[in-house]
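What follows is a set of structures for review.
Two complexes, one shared chain (chain A), two partners (chain B, chain C).
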Partner chain A sequence: MSKKEIYAVKGLSVPETPASAQEPKPWKQTQMVGKGIPRVDAYERVSGTAVYPSDVLLPDMIYGAVLRCPHPHAQVKKVDVEAASKMPGVRAVITGDTPEARVEWTYSKEARSSLFDPHCRFEGEPVAAVAAETPYQAEDALRAIRVEYDVLPFVVDERDALKENAPSVHGAGNVLKTEKYERGQVDRGFREADVVLEENYRTECQLHTPMELHGCVAKWDGDRLTLWESTQGVYAVQAEVAEVLKLPLSKVRVVGHYMGGGFGSKLKAGKYTVIAALLAKKSARPVKLFLTREETYLAVGNRPPNNMRLKAGVKKDGTLTALDFSCTGTGGAYPSGGTSLVDWLVRDLYKCPNVRTECTDIAIHTGPARPFRAPGHPQGAWVLEQMMDALAEAIKMDPVELRLKNIPNFSQGKEGNPPYSSTGLKQCLEEGAKAFQWKVARSKALAPGETGRIKRGVGMASCLWVVGGGWPPSTVILKLFPDGSLNLNMGASDIGTGTKTVMALVAAEELGIPLGKIEIEHADTGTTQYATPSGGSKTVPTEAPTVRAAAISVKQQLLEMASKELKLDAASLVFQEGSIAPAKDPSKSVKITDLSELKKRGVVVGIGYRGPNPENKAIIPFAAQFCEVEVNTKTGEVKILRFVSTNDSGRVMDRLTYDSQVIGGITMGIGLAMTEYRVLDRDQTGRMLNRNWHDYKLPTALDVPLEMTSLPVDREDSQANSVGAKGLGEPVTIPTAPAIANAVYNATGIRITETPISPERLCRLLAEKRKEG
Partner chain B sequence: MLPNFSYVRPKSLDEAVRHLDSPENRIHAGGTDLLGCLRERVFGVAKIVSLSGIQELKGITETAEGGLRIGALATLREIAESPLIRSKYPVLAQGAAEAASPQLRNQGTLGGNLCQKPRCWYYRGDFHCLRKGGDLCYAMVGENAFHCILGGDACYIVHPSDTAPALVALGATVRITGAGGPRTVPVEEFFVPPTQDLTRETVLEHNEILTEILLPPPPQGLRSSYRKVRARRSWDFALAGVALALQFRGEEVAGGRVVLSGAAPIPWRSVEVEEVILGKRLDAETISAAAEAVVKNAEPLAQNDYKLPLFRAIVEEELSAIAKV
Partner chain C sequence: MKRIIQLTINDKEYEVAVEPNQTLTDMLRYELGLTGTKKGCEVGDCGSCTVIMDGIPVNSCLVLAMQANGRKITTIEGLETEKGMHPIQKAFVEKGAIQCGFCTPGMILSSKSLLDKNPNPTEEEIRAGISGNLCRCTGYQKIVDAVKSVGK
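For the complex of A and B:
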């Protein structure tokens, strides 16, 4: 390929360049953004050449393993590592008695603990760790460690934890905190209602199951520590490890180029990270420490179980008059948001003047929760969206209609009631209903005279996600080389969502550089810029405007160079397909790759910073999902036939990664609705019983419908940021479970108020219903 | 992580039997069940004796009498896809097809499927329960939603196999070879209920190998089918299942067997259902009586009473379907 072809393909014109200090205008028509372009790292991912942290192999590397407390509640009396230390291949053993390992660990701000806390408050707390030449030797050494425990009374179910005489997790009562919210006059609201309904609900604890396990490789060079960690945020890991080990930030380098999923469970470092670093220090060898699946199920997070009650009032015309919600939940042994955001949809999704919520977070002897894709929201949606369905039926209104009647255009739940920068909830509902053929499907499902054991049903639910706008800070650096190729340098992780692809598209869009000429450096605290972890559906709305700003800076500098070369004012110059020319006389163009100053300097560096979000605006993504199910009304088997998901997440940045989020979100929601729940041996040992992939049932390819339609409401939100996109990764999983529950109700007349909708549960309920007649 | 062991791959049955001179030496067929048990340290291991080098354990062939001989190493996929089995013994092909997942069916064998260990999560977990020589059945008062409603006694496992009910229904036998020479046992008598011995699942001694499965020629008027309900549509064991192998004379059930999976510690022959339908036409009345009969003697535990309506439902569903064939 000749050099000339590299920069700017034919037909790739670039948007106008704002003068410095001027805000860029929204893109008018895009050439790259919004299309369905295969991922920039698809080859590496599919061929296996991508090196994930768990693939890292260093010379002299050895293997770490962690011994964990097998009891939900115990006091470690003695740890005897003598035999283990002498075993073949063993290079380091650490316990709570090892001086360097006596470091503080904070599961959460409210409750301090230590790395090897002798007071083990959940099954899976680390008690000791070893490093050995092979994983097998490490495992053998663990088995040779003798631990004496005082086994203590436990409580592993939050529904038992408030009973009198329940064992205490932290030495007092087990209530961690109660949060209350109230607006309007709830009791008056209920008096104004024509229909008031009240119901109890529960969602079970869902376990984090990213493909790649949690862990890292740790290596010391003198006093400098490098960690290859499977993480959603390298800088978050750096900060935590530096604090715990009392190291300067500059001495901790965290690399996380590829990572196999996190869903919220890898927003922070784990005890395993610090343990790996300590083992590496002690053995003077690089140490790889990845947990087993069983360990991750016990120790690194889950979606808290929640017990919820909702009382709702509605007028005959569909006006909501009052919502009264309460819930309990548990984030396990340390405060970890056991009820956080569970009430958010009740507060904010529908127009309602009178709302009261009360959430009580409870401590129990189980592994701490970690944020789980849209924390709190799927639980709250399970309640609110089933209630909306029931209210609609009670006032004989179509459920879509009822929701359409109650769409707010400002946030009722947020301080100061900011207006939404954009709201596409109406479009989501209308366009979704149309694409799904809701009316037809519903009338068919409701058609009388169906006698067979197989019944069909349709259901829907909608949602919003509490934050969709991303936030500062972020810094992105673009390096344009004299041959017209580009380096994109950012600290953010691509957690599998396609961040790299989207950012390359933004750079390509703004600079007219073909994707093949863009290389990305990212997620490395040693070489890339500060970024907060990829979570909260923030990565696209945070990083994409930053990339755009950096690209504009590159263009501005190129215009300056051309202005010198052409001896014309920069403001009179424009880009045209790889060249810069006077706007008035395109024939006098100079090719960018011919700019002498660029050749001399060797690079143009454009730096983009993420500016603040607009003041007093709520940037919120919305969604609605529709589904159809088939129920065997004798056995309780449910087959999900199809899903339509409509999402308003602002501009569609890339159609393929967008649709992947939708499909993945629905799949995860099906897991919560149908098959996934933690089982603890509640009354005997308190231990987890389903800690493997057979007993903890993730949905398989046969459990999700072939027909999953993603239908974006593709409207750029120009108030939100310079690319017009809002977050997507979390709203996609919020309405799924209640949409299924509503469809099952539609088919059977049975309200399933507790997850999962398993044949066990539904068969029992169907039998009870038949008995009642 | 797996414990340490040595590994041999003998070429003949005799050699294999010689290697089985200690109870800690374990037979490896497809390994899909064995490796899980070893990883979970359900039992110890010294040596692994792979059967994969023994040619005579492979293949599916017709016998002179018109029955079928299936080598113990035939994979579940081979069984599920065999045209012979699909046409003559659909219940077996369906049972194999309903088991596990495509990958596991490619690797798992019929012999291994019959000899697989229970799936009780206490047994598979780090719990020294009765069946492992301890003194407590944790499932009795613990988490027992997936345990048995029939035939439980001190231990409440369900038998995990989807092929065994079909083989019992078809009146199959297994051939066994060991240090003491070969023997033949009806599949129905191959499994050991907890009432007889809590610590073993089959009649096999540690040094015996199941070599082949023999199916009698299909009797006149044989209709057969397998129905399985599970919490997840693949890669999951039966919550409830029923294997039917019924001989019809005209519209009337002249003989045959009804065998349940997911119900009991062994594949459970429902004599109660058989009694109701024998000599009858499968009309609505008979079917509804059969559906009641299937759980007549059931004793559900605290969390598995859903199995009562579930078994009623599938017996009703399957008898209705087979009546229409």
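For the complex of A and C:
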């Protein structure tokens, strides 16, 4: 018998119900939350019955496709669509000359552009679009469109963009902005240090490449537009499309029940969303428009490349005295956070009174960046965590020890220096080191006399993520039916992290309703409640307390109903296994499903709102990762043998989805460290050279360690919110790459300051080292 | 010009009119509405469109529908029986081997094909067996665990 069935049969007690206007107390013990319960929608996902937006088939539906500029910088002179319009099956063609397609598009607040901008500033800018009866006919029609371009000089590398005479992206210099931060007296800090180290670093541009392509199906019913979009946030897409097409919000319905991954690249609508809507309008048919994989490499975001320098001072006892960080980066052709949050870990992770950072965002002729899982953080961690490793070595201290010496209990980077609602960094480091057997593994790796070409090494790194507490707004509605079944209605998307499962567990926990009787409606602006996009590791800490609030409202209403029925004060009543009874006399109970008012009304509706976060508190998740590698010093190949990840994300809501996030995050970090980087033809054409999964390599099942351990520091953060959880999805990928780099250093004595740690690069560095002797 | 092909999909006979350039993926998805077969890259890199053809896992985006004439195809929709989910599907559910779920049908079919030939694969054999299927969410470990649990 499964847990689910036991629960359903037995009926369990539910937490105490606070009076209205009272804050709920933290759960004392939990029956459902925190266990390893499989996903509530697992069947749909393993059976092929889950309909993803790219699976939507509508009667009379046709297929859209987008013609994109093949040059990194060009002016469109003429678009000739005459031949294309007459191709078999073609039902609509739109270009910048089409009146209804002359709409404004905002890549970012600072830089407005148009949907079909004749001044193409990156390879992949849309130039025209078609819709035809079959995807093949649409593709053929694209090829029949003749475009005359003025091909213009380009710059596709931010290191070239600052040179004199570099082609300009927006008509002036290519520096978009420089942000500076300073606290304490950095120069004095360096004078106080026993050791000062300085190093340059670089991380390459990483692409999101979620498994499901970007796109949507668009359908008009009169003046009402419905979009089935692969998105992390249906309300964000609704707002953007309504604004661009000048439609009332109520006339734009966005549905996104399932979606095949986003990692930040699907937080907003794309040009493709609007193009699909325009094609559907023009053809008077529903249009499916999903990008090809190649197009997604060019036009739907990336993690910006960053060039970084860090100078750090430390005393012999491990006290950090000063950090001086600078970086350049690029979000591509439009301002999109090329250096956003890259310096955050330097500012905030370790206790240090004297810190200076300077970040310069540069424009180049490539596709705009979009937020990518923990924006800026993996880049900053690559720098800071390798530097901490080097500092530890320089003062002959264990790297874990050095970090333990510098744990702050308040945020030094945030304004007003708010204390952390909880910090488990110490536990992450200590418990991780213990589980990994760090000391033993390290002494083995450091043991002298190791010959042969295979060298072993261990490395570690830690991190925090800048936000992790969630925030308002969110509204959730629970509908309890007279048969005791429940409908959970929320706007949030489940992007694969298990949002639906966690929310069902919260409702089950609070109401004592078995999971099998809970159905979820979600991610539909037409029928579900407002939610911000699922991203920023904020979905659980935002939505779960909201679900709990809605459940408490349901319970309060049920107590009121029972109070009338039993003619007793509601405050004297309590829940007990599917019934309500006087606390003092449990025998006088009434079954919830027997409540006459519930039967008469047909439903109890509980509305939950996300309340504010505690004032002057920083709600931050922490993590540490440890890994062991084997380096072949002849071939430069690195084999990652094992990983241990310890995370403080407050309460563990579901152990299965929690561990999946951790292991998946490590794997994405392995990609950044080892194989993933965008290759541009920097000199000749400015085009991207590895725009497919064959040449841009994600880790496969053979590239990840056999042993990956997720070890939660399972501590409820009762100050954070009513469920005690902090965010998890982002910290899991931040320390991975530097942990590997530190392990490679431990094995070989070579500091790899640039990603990726490819055999080619490592071989070159090993050869240089041998030469130097 | 369209031609009519005959094939068996999930133990059911089909006659389908297909264009010569139509892929098996598109035929399954657009002509038959079998959208459990996913489309991730259309160039054979990701394995999301994996189906089993005459006992061999194939990227259906690299197979023309016409090449499937007279063949026997198993898609994800064909795994469940009256007795319920296939043991591999059950294992994926219980081990939490799913995140966004987009690679899952392909992963399950590659795993099935492996287990059909080799009922007790080693961990390395499992990893090799699913190495043609990319997953961007899970990190593979739980998928390997799930397949291992069925093998035993």
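Note that in this section the second predicted complex is superposed on the first by the 763 of 773 C-alpha atoms of A that agree within 3 Å, B and C clash if a C-alpha of one lies under 4 Å from a C-alpha of the other, contacts with A are read in each partner's own complex, and residues count from 1 in each chain.
Criterion: a contact is a pair of C-beta atoms (placed from the backbone, for glycine too) under 8 Å apart; a residue touches a chain by one contact, two chains touch by 3 or more.
Being a predicted model, the structure only gives us computed values, none of them experimental.
Participant: Return first, second, both or neither, reflecting whether A:Ile495 touches chain B, chain C, both chains, or no partner chain.
Facilitator: So A:Ile495 only meets chain C here.
Participant: Please work out whether A:Ser443 is in contact with chain B alone, chain C alone, both, or neither, and reply first, second, both or neither.
Facilitator: neither
Participant: Please work out whether A:Glu212 is in contact with chain B alone, chain C alone, both, or neither, and reply first, second, both or neither.
Facilitator: Second partner only, chain C.
Participant: Under the stated touch criterion, name the partner, chain B or chain C, that contacts more residues in chain A.
Facilitator: The partner making contact with more of chain A's residues is C.
Participant: What is the contact status of A:Lys634 with respect to chain B (first) and chain C (second): first, second, both, or neither?
Facilitator: After superposition on chain A, A:Lys634 lies in contact with chain B alone.
Participant: Name the contact category of A:Leu689: first (chain B only), second (chain C only), both, or neither.
Facilitator: In the superposition, A:Leu689 touches chain B alone.
Participant: Which partner does A:Thr527 reach: the first (chain B), the second (chain C), both, or neither?
Facilitator: neither
Participant: Quick check on the superposed pair: does A:Ala767 touch chain B, chain C, both, or neither? Answer first, second, both or neither.
Facilitator: first
Participant: Applying the touch criterion given at the start, work out whether A:Val51 contacts chain B, chain C, both or neither, answering first, second, both or neither.
Facilitator: After superposition on chain A, A:Val51 lies in contact with chain C alone.
Participant: Between chain B (first) and chain C (second), which does A:Ser660 come into contact with in this model arrangement: first, second, both, or neither?
Facilitator: second
Participant: List the residues of chain A that touch chain B in one complex and chain C in the other.
Facilitator: In chain A, residues 135-136, 292, 694, 700-702 are touched by chain B and also by chain C.
Participant: Of all residues in chain C, which touch chain A in the complex?
Facilitator: 19, 21-22, 26, 29-30, 33-43, 45-46, 48, 75-77, 79-80, 85, 89, 92-96, 98-105, 108, 123, 126-128, 130-144
Participant: Using the touch definition from the top, list the residues of chain A that touch chain B in their complex.
Facilitator: Touch residues, chain A against chain B: 70, 135-136, 139, 292, 453, 632, 634-637, 639, 674-675, 679-685, 687, 689-691, 694-695, 697, 699-703, 756, 758-761, 763-764, 766-767.
Participant: Which residues of chain A touch chain C in their complex?
Facilitator: Its residues touching chain C are 36, 38-39, 42-52, 54-55, 57, 134-136, 209-213, 258-261, 263, 290, 292-293, 495-498, 656-657, 659-661, 663-668, 692-694, 698, 700-702, 704, 706, 708.
Participant: In the complex of these two chains, what residues of chain B are touching chain A?
Facilitator: Residues 1, 4, 101, 119, 121-122, 124-127, 138, 141-143, 145, 229-236, 239, 304-306, 308-310, 312-314, 316-317.
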